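Chain lettering (A, B, C and D) follows the sequence in which the chains are written, and residue indices restart at 1 in each chain.
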Amino acid sequence: MSSYAETLAENVEEQAESEDSAPETREKPEDSSDSVDELTLVEAICDGLYTEMSQDERVMALGEDIGRNGGVFRATDALYEEFGEHRVVDTPLAESGIIGASIGLGLSGMRPVAEIQFMGFLYPGFDQLVSQASRIRSRSHSQLSAPIVVRMPYGGGIRAPEHHSESKEAFFVHEPGLKVVTPSTPYDAKGLLTAAIRDPDPVIFLEPKLIYRAFREEVPQESYEIELGEASIRREGSDVSVFTWGAMTRPSLIAAEELAEDGIDCEVVDLRSLSPLDIDTIVDSFEKTGRGVVVHEAPKTGGLGAEIAATIQEEAMLHQEAPVKRIGGYDAHIPLHALEDYYLPQAVRIQDGIHDVMEF
Amino acid sequence: MIHAQSGLHEQDEHDRLQILDADGNVHPHATVPDLSDEEMLAMYEALVLARQFDQRAISLQRQGRIATYAPMTGQEGSQVATSYALDEQDWLFPTYRDHAAKHVHGRSLSSLLAPLRGHREGYAIPDDVNVMPEYIPIATQIPQAMGMAWGYKLQEQNDRAVLCHFGDGATSEGDFHEGINFAGVFDVPAVFVCNNNQWAISTPRERQTKSETLASKADAYGVDSIRVDGLDPLAVYQATRAAIRKAKDPGPGESRPTLIESIQYRFGAHTTSDDPSVYRPEDEPEYYRKRDPVDRLRGYLESEDILTDERQAAIDSRVEDRIEAAIDEAESLEADPDDIFNHVYDEMSDRLKTQRDELRELREKYGDDAFSEVLE
Amino acid sequence: MIHAQSGLHEQDEHDRLQILDADGNVHPHATVPDLSDEEMLAMYEALVLARQFDQRAISLQRQGRIATYAPMTGQEGSQVATSYALDEQDWLFPTYRDHAAKHVHGRSLSSLLAPLRGHREGYAIPDDVNVMPEYIPIATQIPQAMGMAWGYKLQEQNDRAVLCHFGDGATSEGDFHEGINFAGVFDVPAVFVCNNNQWAISTPRERQTKSETLASKADAYGVDSIRVDGLDPLAVYQATRAAIRKAKDPGPGESRPTLIESIQYRFGAHTTSDDPSVYRPEDEPEYYRKRDPVDRLRGYLESEDILTDERQAAIDSRVEDRIEAAIDEAESLEADPDDIFNHVYDEMSDRLKTQRDELRELREKYGDDAFSEVLE
Amino acid sequence: MSSYAETLAENVEEQAESEDSAPETREKPEDSSDSVDELTLVEAICDGLYTEMSQDERVMALGEDIGRNGGVFRATDALYEEFGEHRVVDTPLAESGIIGASIGLGLSGMRPVAEIQFMGFLYPGFDQLVSQASRIRSRSHSQLSAPIVVRMPYGGGIRAPEHHSESKEAFFVHEPGLKVVTPSTPYDAKGLLTAAIRDPDPVIFLEPKLIYRAFREEVPQESYEIELGEASIRREGSDVSVFTWGAMTRPSLIAAEELAEDGIDCEVVDLRSLSPLDIDTIVDSFEKTGRGVVVHEAPKTGGLGAEIAATIQEEAMLHQEAPVKRIGGYDAHIPLHALEDYYLPQAVRIQDGIHDVMEF
């Protein structure tokens, strides 16, 4: 087994475990100043919601099975008990209704955080999100806005059934008026979610479910924001820049460590914010290394990798020592789990791709 | 000839609330809503204005002074009445056809014309006006209106209700279903007004759904409903007022939301780009023209001596002046290309700034004529 | 305690078609469907198989041999009965939970397990089997089933009907509304079966909609409906058979489509990843377990001397063997990475060919272990 | 007025005229072999439908107002009269219903051609199209397919109201299993539509409504196919390649002619097929010229221009004498008509962009 596969295996076991057994209700300590918890990414999301709901009465959560059930991934665990059925609301099974309702709630002065159970089930609500929420500001000449957050687990690798492994962030990035973020660590998860909730515009908060429980990290109990629109350099390097986000950050880092042994020094940039993109960080990194790859789960054609490659050649062509290589999902539907590890970028593919770029 | 039948479908009037008969006489057992003479006259003036506005807008379109326009003649009675039934703090969710409803609830006439002149400024809402920009994608406003009503309920702003307009065609969309189902489940203070003008462009009501009535669709959501003669402004007022009251302060066993099916008829074309003679018999509107909401209210007000010739003359001239002023105002609007970029996000992204600056440079370099507006 | 009430909601049984009482006795005024002893026994065997399959599948999942599984215990009676009511040429649109319905209408047991082992081959349909791959996105099958039924009608293949399954939760989706509305308008030969198991994951039926019943939602589309005791296989068979007959050959004044609300209960978890004790009272299933469809049909068959101990033993052993064989077959499936690319288009695009070749090269270069399947 | 603006003005006048007056019903000549008609693009679409419906009983049209009304743009003019209400069907107002029904009709053996009234109204049916129709083949291991065509007018420039000027082809190109084509001439319109109807997979047929009636061209009365997946070089040139499609082909050609006067020789490639992309033609053209621009109406970020630029630098970086420039709509919603000419790529912007690329 490759080290990535091992990492995955751990995740998935944890995942399966936590899904099959009754969830524990996490206790909130009374005094939360200056304290930190060791949290998984999904716990950090839950904590981010908790913290923000505690501080701002306008914040509410709504979606399918997020109440008593705490969400199918337990991302809203114990919030129902804490904040009651009017602030943590199980809705009917209707995604357009959930997002349309959220827009209206936002207009009334609330700060709704909607959960879509899986990205593959967002599409019935696509119109309300992409064609409605995105435009409330522009069509009203900024008199109105849609201060909503739409959270959804996305991505593959967890042996899920059909339609449960979507990674179509590119759809949302192409629509003006939407912001799109995705964390790759528990710390970022809480900070980005806090910023998303406070943002006056609609923010799509993509949750890399493959790493929901992959590892723990210290997360402050108090609230903090990570500014939307800022990438994070996860590993500095001088030979080649790896641009990635969400669950692909880890295999990218694994690949970088393996390549270090071959003397290739990778810089790994976790974009975090997919819309707006942090073009400065992307271009600066590329200008430093002169070589780049983009790693994402979505189909290659029309994926966000295209935007990044196009931007780099626009802004930094004269620094280009090799084509920017896109290591993505293939232009096919993500297969069921017997084959999904062939579909998703594995550390081995990432390494191989980086070698290509180095040897160009 | 499925199509040709359609207008007749709704001509049995016994199943709906009516106060005025076709000639404006009060039905024997009906009660006229409790409105002062001044209120009645104001409502009537709004009707006259709406009718006049509609005709002017159609001719402005013909002259190329505004873009495609959706006429409301025949439907303005219901529009004016629903907005009259609102309290100031209530919100209105209108469609592209609800010009009169918007105006009565506070939008200026010139703001109605501005988008038709290509200016999104017309959708900018003054702080004290609770009217959403019009909704063009059919039925999308329904879950949103529901959501706003829910939000007010959650915030215990119990004196607020939300009124949402849509057409007969809208009842086929998933958003109608999802929105009203949520309204039932969360018991929100919303009034849904289905303006059943019997046509969705060229599709007649009975090809839209095999449901007996549109009002009865509310049963599927446990939501109350009522059918009302949408060409009778007093009946529409009464039904809407009752629904708004109930939304804010439901009695024991009452639920907050209501679906009102307001049965109307579109006297004219769907829009100025549409030619109804292609799909409906020329004489279909006749029946409804005899029940013209403006005539009916005028008939009633005259019979009650509330409306005199003098007052009518004053109304006509005020209406004329206001419309002229509105057209002047709308035609004096200038567009600022920077606005393309100004309202995408609360804070402009770097890429948008670059794009804005690029366009500024191009305009500088080549002049605005190089981008000159077509047909203007 | 809104949630805790839910199971009780549907416990008044006077409003639904029932043939067998809780103990398998025929109700005084009920007529048993006209089925031969052999047919009755075959149906019973299918029920036993379903129950057994469900238990094995749950334990396979526990052992990590299949992925997340959606159990059907308590609902298999209705599933088997609806598929029994189909003619061979009819099509079935199933959900992720309709294992028994699929099997009875022709899908092999191993094909049910294959997707759970990660193989899309399980969705490949033999030419002579009219069962769509299961639908996971809720309610999306409804407009599609309607469309297929419409297509057969247009092609005057009047001996074909389409049966479409979905749950109580599905009734909230826009696609339920749009699909059944079309069915009414185009009068298509479709039977819509709402498997009201009273829960959509953790959401109880009465938080899904304020509608009195789910069946009555059909009125909004001018479509016939019926409520049936979904734990009574004979009642479900009778209702479905009548609906299929009417779909193909409506009598005067009858319409083709029907919505059947089959009132059931999910005895177990939503899926093997779900823990119902979090959201529903542990004793809620009790009432329904006493009305277990397998027991009821067994009771009836025994009382009629159709089922003997010998026959039961033979059934049990056949069922056991078939399930074992199916598991072996499913577990022997091997995945071919080329299949990722093979079924995207009728003809593979150049870019897909390049990608396929790239993957082949990578596998060659690094070996399949480098891509090794997690948990396998 | 620029020449592009003049061209537009002509279009729009014709458009407005034809929309405001009662449509003429076009007569079909009895004997159609070898004959040609001078048709506009929208007439060629209607003719394509007519020809295919005449030959293949399985072909039917469905949508909102396409029957007696002949479609809001008259794209199905007279088909109702010719083929009757069972083959030219006015549906209820429900896009998910229309596309879902089409999938089912296709499964039953029909060849449905669905009309969505404007691209901006597709979104309620996004799920059925992007998440369902696209996968019928892959999820059934090719046992089933969705032989449907979804036609929709798209693009701006006709003084239309909000939501009527969308250009979001990138959404569909990113989804495996869908094909996407758009014609820029009447001849191509009929040929591509014929091929789309005959294709066993779902094809999205985008109609550039700005040029529905912009000009006429000879169109054979008999049926013919233009193979899906093949670009067309509209103008050969040696200095710079312009990649475009749909309504942007004309301003690109206008710009090319103007630039010819400055001694810049543009090659104009009309992609026609957006999915699959004709990568060979794109790369060959670029390798010849070494410089390229992409012109499209959609927002720049995440638009198809990104895919083309990314592909070019991947495949032909060593030929790149300048960055591939993307001349697109801005990353904002297309404004109402007072400003839309600033938003859409005008010949002036295209010329300016090409100058940039030439002077790099």
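The working rule: a contact is a pair of C-beta atoms (placed from the backbone, for glycine too) under 8 Å apart; a residue touches a chain by one contact, two chains touch by 3 or more.
Just so it is clear, the model here is predicted, and its values are computed rather than measured.
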Relative to chain A, chain with the most remote C-alpha centre: B
Approximate Å spacing (C-alpha centroids) for the pair chain B, chain D: 34
Rounded Å distance between chain C and chain D, as computed from the means of their C-alpha atoms: 41
Euclidean distance of C-alpha centroids - chain A vs chain D, Å: 33
In chain D, residues with contacts to at least two other chains: 92, 94, 96-97, 120, 123-124, 127, 131, 138-139, 162-163, 176-177, 277, 301, 331-333
Residues of chain C engaged with two or more neighbouring chains: 120, 137, 172-175, 177-178, 181, 185, 207-209, 339, 344, 349, 351
Chain contact topology (line, ring, star, complete or other): complete
Chain D-facing residues of chain A, complex: 96, 120, 123-124, 126-127, 130-131, 134-135, 138-139, 162-163, 168, 170-171, 173-177, 275, 277, 298-299, 301-307, 309-311, 313-315, 317, 320, 322-326, 331-333
List of chain B residues in touch with chain A within their complex: 120-121, 123-125, 127, 132-133, 137, 140, 142-152, 154-155, 162, 174-175, 177-179, 181-182, 185-186, 339, 342-346, 349-351
Residue ranges of chain B in contact with chain D within the complex: 2-3, 62, 64, 67-68, 96, 115, 117-120, 136-138, 169-170, 172-175, 200-203, 207-209, 272-275, 277-279, 333, 335, 337, 339-341, 344, 349, 351-352, 355-356, 359, 362-363, 365-366, 369-376
In the complex, chain A residues that touch chain C: 1-2, 5, 8-9, 12-13, 16, 19-23, 64-65, 67-70, 72, 85, 90, 92-97, 120-121, 123-124, 157, 159-164, 300-301, 330-333, 335-343, 346, 348-349, 352
Residues on chain C engaged by chain B in the complex (per definition of touch): 172-178, 181, 184-185, 187, 207-212, 216-217, 219-223, 255
